[in-house]
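What follows is a set of notes on a single structure, which appears directly below.
Labels run A, B, C, D and E following the written order; every chain starts at residue 1.
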Amino acid sequence: MTALLSLRDVEVTFGPVRAVAGVSLDVPEGPYGVGVVGESGSGKTTLGRAVLRLVRPAAGVVAFAGRDVARLRGRELKSFRGDAQIVFQDPGGTLDPRMRVGAALGEALRVHDVVPRAQVGARIDALLEEVGLEPAHTSRFPHQLSGGQRQRVAIARGLAVEPRLLVLDEPTSALDVTVQARILALFERLRDERRLAYLLISHNLAVVERLCDETVVLYLGRIVEQGRTEEVLARPAHPYTHALRSAVPELDLASRRQRVVVSGPPPDPADPPPGCVFHPRCPLAADVCRTDVPPLREVAPGRLAACHFAEEVLAEDFVALSH
Amino acid sequence: MTEVAALPLVARRRALTRALRRNPLLLSGALIAFLLVVVAVFAPLIAPHPADAGTATNPIESLLPPSWHHLFGTDAVGRDLLSRVVFGARISLRIAGLVLASSILIGVPLGLAAGYFGGWIDSVIMRVTDVFLAFPALLLSLALAAVLTPSVGNATIAIAVTWWPWYARLARGQAASVAGRPFIEGARALGVPPVRTLLRHVLPNSITPVIVQASLDVGGIILTAAALSFLGLGAQDPTPEWGLMVSQGQSYFTTQWWLVTFPGAAILVAALAFNLLGDGLREVLDPRRIERR
Amino acid sequence: MKLAIRDLEIGFGDRRVVELAELDVAAGEIVGLVGESGSGKSITALAVLGLAEAAGARVTGSIELDGRELIGAPPSQLREIRGSRIAMIFQHPVSAFNPVFRVGEIFLRALRLHGASRAKAVERARSALAEVLLPYELLNRYPHQLSGGQAQRVAVALAVALRAEVLIADEATSALDVTVQAEIVELLARLRELEGIAILFISHDLAVVGQLCDRVAVMREGRIVETGRTERVLHAPQDPYTRELIAAVPRITAGRTA
Amino acid sequence: MHRLVLVAAAAAVVLTPFALGATSAATTGTFTYGTYTDVMVGWDPSTSYSNEILAMQNMYETLTRYDSRAKKIKPLLATSVAKSKDGKTWTFTLRKGVTFHTGRPMTAQAAKAAIARTMKLHQGAAYIWDAVKSIATPNPSTLVFHLKYPAPLDLISSADYAAYIYDTKAAPAKQLPKWFSAAHDAGTGPYTIDKYAKGQEVEVRLKSYPKYWGGWNGGHYTRVVYRVIPQATTSAQLLRAGEISFAERLTPQLRDSFKSDKNVTVTSQTSFQNLLAMMNTASGPLADKTVRRAIAYGLDYQGIVASLHGGGTLSHGVIPPGLLGHSDSITGYPHDPKKATALLKSKGFGPGGKKLNLTLTYTQGDTDQQLVATLIKSNLAGLNINVDARPLAWPTQWDKAKSADKSKRQDILVFYWWPDYADPYSWFINLYHTEKTPYFNLSYFSNPRIDKMIDKAPSLTATNRAKADALYQTLQKQLLQDAPSVPLYDQAYQRTMLKSVGGFVENPAYPNVVFAYDLHPAA
Amino acid sequence: MTLYVAKRLALGLLVVVGVLILTFVIARVVPGDPAASWVGPHATPQELAKAHHDLGLDKSVPRQVVDYLHGIVVGDWGVSIHTKHSVLSDLASRAPASVELVVAALLIALALGIPLGLASARWRGRAPDLLVRFAAVAGVSMPVFWLALILQLIFFQKLGILPVAGQYDPNLDYTSPLAAHTHMAVVDALVEGNWPVLWSALQHLVLPAVVVAAYPLGVIARMVRASVLETLGEEHVRMVRALGFPERAVFWRFGLKPALNPIVAITALVFAYSLANTFLVEAIFDWPGLGSYVAASTQSLDTPAIIGVTLLIAIVYVVSNLIVDIVQAFLDPRIRLS
């Protein structure tokens, strides 16, 4: 069976910068979640936008339900726009500040003729209820809502067109932690109720773990590791994943780990280092890393990693290895 | 305060009332501007000798100094200066209105398109505006007005030709920044057609600075129009245009001071009022934008 | 007590945003001030430096540094204290440096402002940068040529070089990537060990606070709802809000005692 | 002596930098003439026929000069003039020892050559010599004119235009026009060209010609400067500051403002100059005599004169007072809007009829003309006539009027006329005589009967002045009927000058000219 | 940086070409036949046809554009109908006086505008601020031609202390002749050590310069105020405050320098616009610059001259913009070092 969303060797460039440098991944039909994690500048946001054809890939194919998204026209494009939606990070910017909540939702409903005109009002109320808001919110402007409420409206707007895939671009990172928890719960519920597929873009591993079955780790526009979320987080196969994992502050003292230190900031994406792009920061870097690009390969069943020493990282205690 | 620009009208109106109270310059500007509009609208009722704003002359009463009968005195052909100054408000405001309307109608759509679509559309539109902006407004108007026959209409056209690129620029900047905001991407992701996106999302979110600029520009246009008329390239006698009146009074200004003083002061007051208004509005609605002209 | 805050009230117009009964930071101690947006954390930080008034706020109560009252102190004294005894680092480290000055210029000027000779200033800058593991040459750069992590380290080094006794970190790691955040957290911890500096660490991120701080004060709508040793607060929260906050923090479960 | 003046002047300037009073022009021996429009329109003494007269009359001389005050001919290059009984032979005895600025002596042959060239080119005012059949030079100091018909040759030889005696050998004949237009002069006058800057404020500077026959003993200005000052107020201010010595024309109000100024003199005198509205008889709506007459009835002449505040008087016909043929009994058109309306109505125009659109040009920078244009516009507006009045620089105004393309010409042209010599013939031959290509007949008027009458005038003037007087009166009445133009008012010359300028006498036969040599600067 | 400059240069060149085309359109798509005004009213049809040919009007329009551009590049800007001189030589002799006037005006505007703007920002919301803001707005609202007349009335007519017309007293040409090096009277007089002319030139310069300065003064004061206030709100200012720098240093050293950048930009722009404003002022003061030239040209319908001036000013504008961009880049390390 074909995946709902399938990326093959997607590349996105901005001038000299290869923001996404050849990424392949699949998102099956929901309920399912694929998480994309990485630092700022890793290209994860661009990847999300490429999926929705908000930026044009320079190379590679984004296919949705077996069709090349880049070639969709007219009615097909419209139907794709209805099938794949996005929720952005900034709850302030997601909604048009000059549009009331009702109008914003109504626009979505009308563009795709989701329901007959007469039922638009009722559907708006239903959508608001579904995301935990009240019909009274219809007449509000975004600035009259709290951050969490705004994000709920944004979600409702995404849901209005009854999509099969939701791209979630850092959907909770601008929210206060208590609000974040509630929104995450909402996402969980919606995934199961609406059988949604998520492509979740986040720097927060905990959020990814909560919503995603599968995780992709992006570094400088390249996939460095990919696998089942719990496996990737429990036993990283790439030193970068390891570093990322260990840098996450843990609330429970018991689970605090010794940190794997990566030094310095990520390299300039316009001028990536030769060999393995991670080698300048990698505690394991050997000569081969400076010259040979490690391919993304299956290092364990269902696990892909792009590291010359992935097996060692997986098998041994990485921390010991790096010290 | 910086977020006020993003607020809808209701909230801005409240901010506006508050600002009016706090900002005496804005308040006085608004008041005078309002008075000017009133004077322009009711000119025939206010002017003591309305015919003198037209073709009437009265050479026997020429060059009378200000008196109770002629508050501003009379000009070289005996026309009541007050009446002419009062009717002059109509001319100036009409020119300003027409220039603004055409500049906004031409400039804003082009600018929005450039800012929203980017790419070659943007490049082409912006290079064209660059060319127009390379001429100081007065000079290009002057060249245009010089090759056309001088009249109020042609002066208006000449000024409008130099004015629209500013609005294209402004709208482009706004549209470009709005286009980068998530709700526009959201609209695109939702499949909202580009024209609808432009009209329903980009335009309403770009319009505030345009309004501020328009109120600021009224003063500039009045000055430019007066300057053209002063140079003989705009209004022609007997049109009671302020700049023309100053020009006509120039031969007498050392001996009959009122001929130049009153129409000139009218230009100053009108430009000042709208500049104060625009300046104040900018402080309130759009404090981050800075001078450009 | 290095820094002792009592009955601090901060208001804008007729709106009171902070009512802080008690908050202490001892020398060599890191105290976390946690709260959600709008809880009044940042204005409290400014108040400690005597800069809240400049932002238009009205401040009453007591803030003592080594027993000396700061509120109502003459501006010249406050200026003396600012930088030299109480230093601050900001959320956006790059834009906290003046864009048209080389970073080093601000650095050395600040040192000389607080009494160091030119030679002494250079020497102290050198050793402070070494302490935060940065090359001295970095000072020749303009802010935009630094990464966020580097800029934040320079800011920390400045506090070190100024021999500040109190460091106020206002969301100092929130805008950074996790890997960089971890570096800065480590750096602050080491600073406390080496210099015995008192740190008031203001953050919305309970996990970072939990990792770094000795004591935590939880702030909500301008008031402190709970305060205590970090372990105690995190594991046995008393206040329902604290409990909610802790529960809300997303955790990674994978690999935990697998 | 020049040196001394220079040193003294320099000292004065250096020592009194703070004083802006009326000092500098007088003390430097410079006479600065402030005018409002470009001076040098043409450079060729044979063909020049415009504003350049201001400077030309100081660079060039004529055989005789007309004294308007005494109404007498006075000797200049000719020391005496004799005419034969029949008025057809005129003998001029020339002054000896006169040299041209080129250095060559002024002889009878040279004088003949100059006049012959003028006659041959036959441009500008050259028509004044039309009566001349031949010129003989029995000896170097005698010039004899043989005429085809009697003509007042002493008046003609005193003409303001086309009567200059100059060195025709200054350059090879073919290159002479080019040589002149490169800002050269070849006259005998007291001053010669020093510097010329077209389009600059200080346009023409003349310097004394050291070998001038009159000599330089006694007080004379040694330099004459023509400064173009478009705005009358600026002129007044420069006069007040002493930067100019003489203001050609100020507004009456400005002139009045000097009445209490002890450094400034104000003069006023009637002139031979009048302002005319030339109506386009060849094309456009004004080709219709009825419409022209309607317009003539439609203008408020009294109002125009009133608005001038003493700058002009009501015209009685085309000929101003002081000249042959003038009569106060000729009244011209009264201001009669009703009659005008009736006339217009007969042609479908006027109130309630078709709107009539006319273009009017007048000379830029002339306040009086601007006033008149405004009043004309106002008067005619009441008759449902819209006048588009455009101020143009004179050369432009003239070029437009002379356009080969008739559609580019104006409907009404407002300009001044003054005689070429103290005789009314100038108006008629120039303004109303048929012209193949328009030159100054800017009404484009053509009436063979009137042409014939005009042609008779010169000989009649020379032989029977009473008959000539009657002829001119008849002509004026006839022209009133045809209405190719209307005289708007007769100009009064109102000069404003520094008190330090001594010896100024208005001579309307040479309109606006100041003979600088005749002035004597106060020490 | 080099790349940045090259890119700016290329863009500037593009704009100049556009400017040329636009002026071509204005000059040629004008109603009327340029050849007819060229040959004058006495021309025969043959002469007219010859003029058509000589002026290239019988060629195709694109060809004409190319010829026109070529003419501009090689210095053939046409001949003025009014002065009968080549437009380019007229411009060369007229431009210096205008530059002298504008530079003097800008110096006045900067010398007053910057301190006023700073005062306004320093005491924001208080009396000095209100006063400066009002004065600034009044400056940009001033009809310069009117101001010129009023000042003449006051300083000449009433007080009698300042001259009203010309660059200096022309009578001095006889007593203290001035060699024209730059055609800027003040500069030439200084170079020559010609004190009487210098004194006279300075006196003559005051009124027109003050009038031209009114507008840029207002713009600069407003700009300085806005720019400084914006800078003072930024985080780096809070940082230096937190470091204990006195308010004086915060304002003067750290607030001013980043605020300087837009001031440089606006000054150059204002230069070009002031050059345009002189068109109104020069005629009133009989200042022998481009403005009087244009005023005289408009009266004689002298299209080549008007277009020439327009073109010159536009090019000056583009070039000054270019210089601004480059100077700004040098001032702002964020651009300089990228």
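The working rule: a residue touches a chain if its C-beta (ideal position, glycine included) is under 8 Å from a C-beta of that chain, and two chains touch if they have at least 3 such contacts.
In this text the structure is predicted, and so the values were computed from the model without any measurement.
Any chain bridging chain B and chain D, meaning touching each of them, is among E; the list is complete. Contact tally for B-E versus A-B: the pair with more C-beta pairs in contact is B-E.
Compared with chain E, the chain whose C-alpha mean position is the greatest distance off is A.
Look at where the CA atoms of chain A average out and do the same for chain C: the two points lie 32 Å apart.
Separating the CA-averaged centres of chain B and chain C is a span of 51 Å. For the pair chain A and chain D, the distance between C-alpha centroids works out to 92 Å. The set of chain C residues touching two or more other chains is empty. Chain contacts: chain D has residues 231, 233, 237, 364, 391 touching two or more partner chains.
Of all possible chain pairs, those that touch are A-B, A-C, B-D, B-E, C-E, D-E. Those residues of chain C that touch chain A in the complex are listed here as 36-37, 147-150, 177-183, 185-186, 204-208, 210-211, 231, 234, 244-256, 258. In the complex of the two chains, the chain B residues touching chain A come out as 3, 6-8, 11, 181-183, 185-193, 200-201, 204-205. For chain E in complex with chain D, the touching residues are 36-37, 40-43, 80, 82-85, 90, 152, 156-157, 160-166, 169-176, 195-196, 199-200, 203, 283-284, 286, 288, 292-293, 296, 299-301. By the touch criterion stated above, chain E contacts chain B in their complex at residues 11, 14-16, 18-19, 21-23, 26-27, 30-31, 130, 133-134, 137-138, 140-146, 149-150, 152-153, 157, 219, 222-223, 226-227, 230, 262, 266, 269, 272-273, 275-277, 279-280, 283-284, 294-295, 297-299, 301, 303, 306-307, 309-310, 313-315, 317-318, 321. Of all residues in chain C, those touching chain E in their complex are 49, 51, 54, 78-84, 87-88, 90, 92, 95-102, 106, 109-110, 113-114, 142-145, 155, 158, 162.
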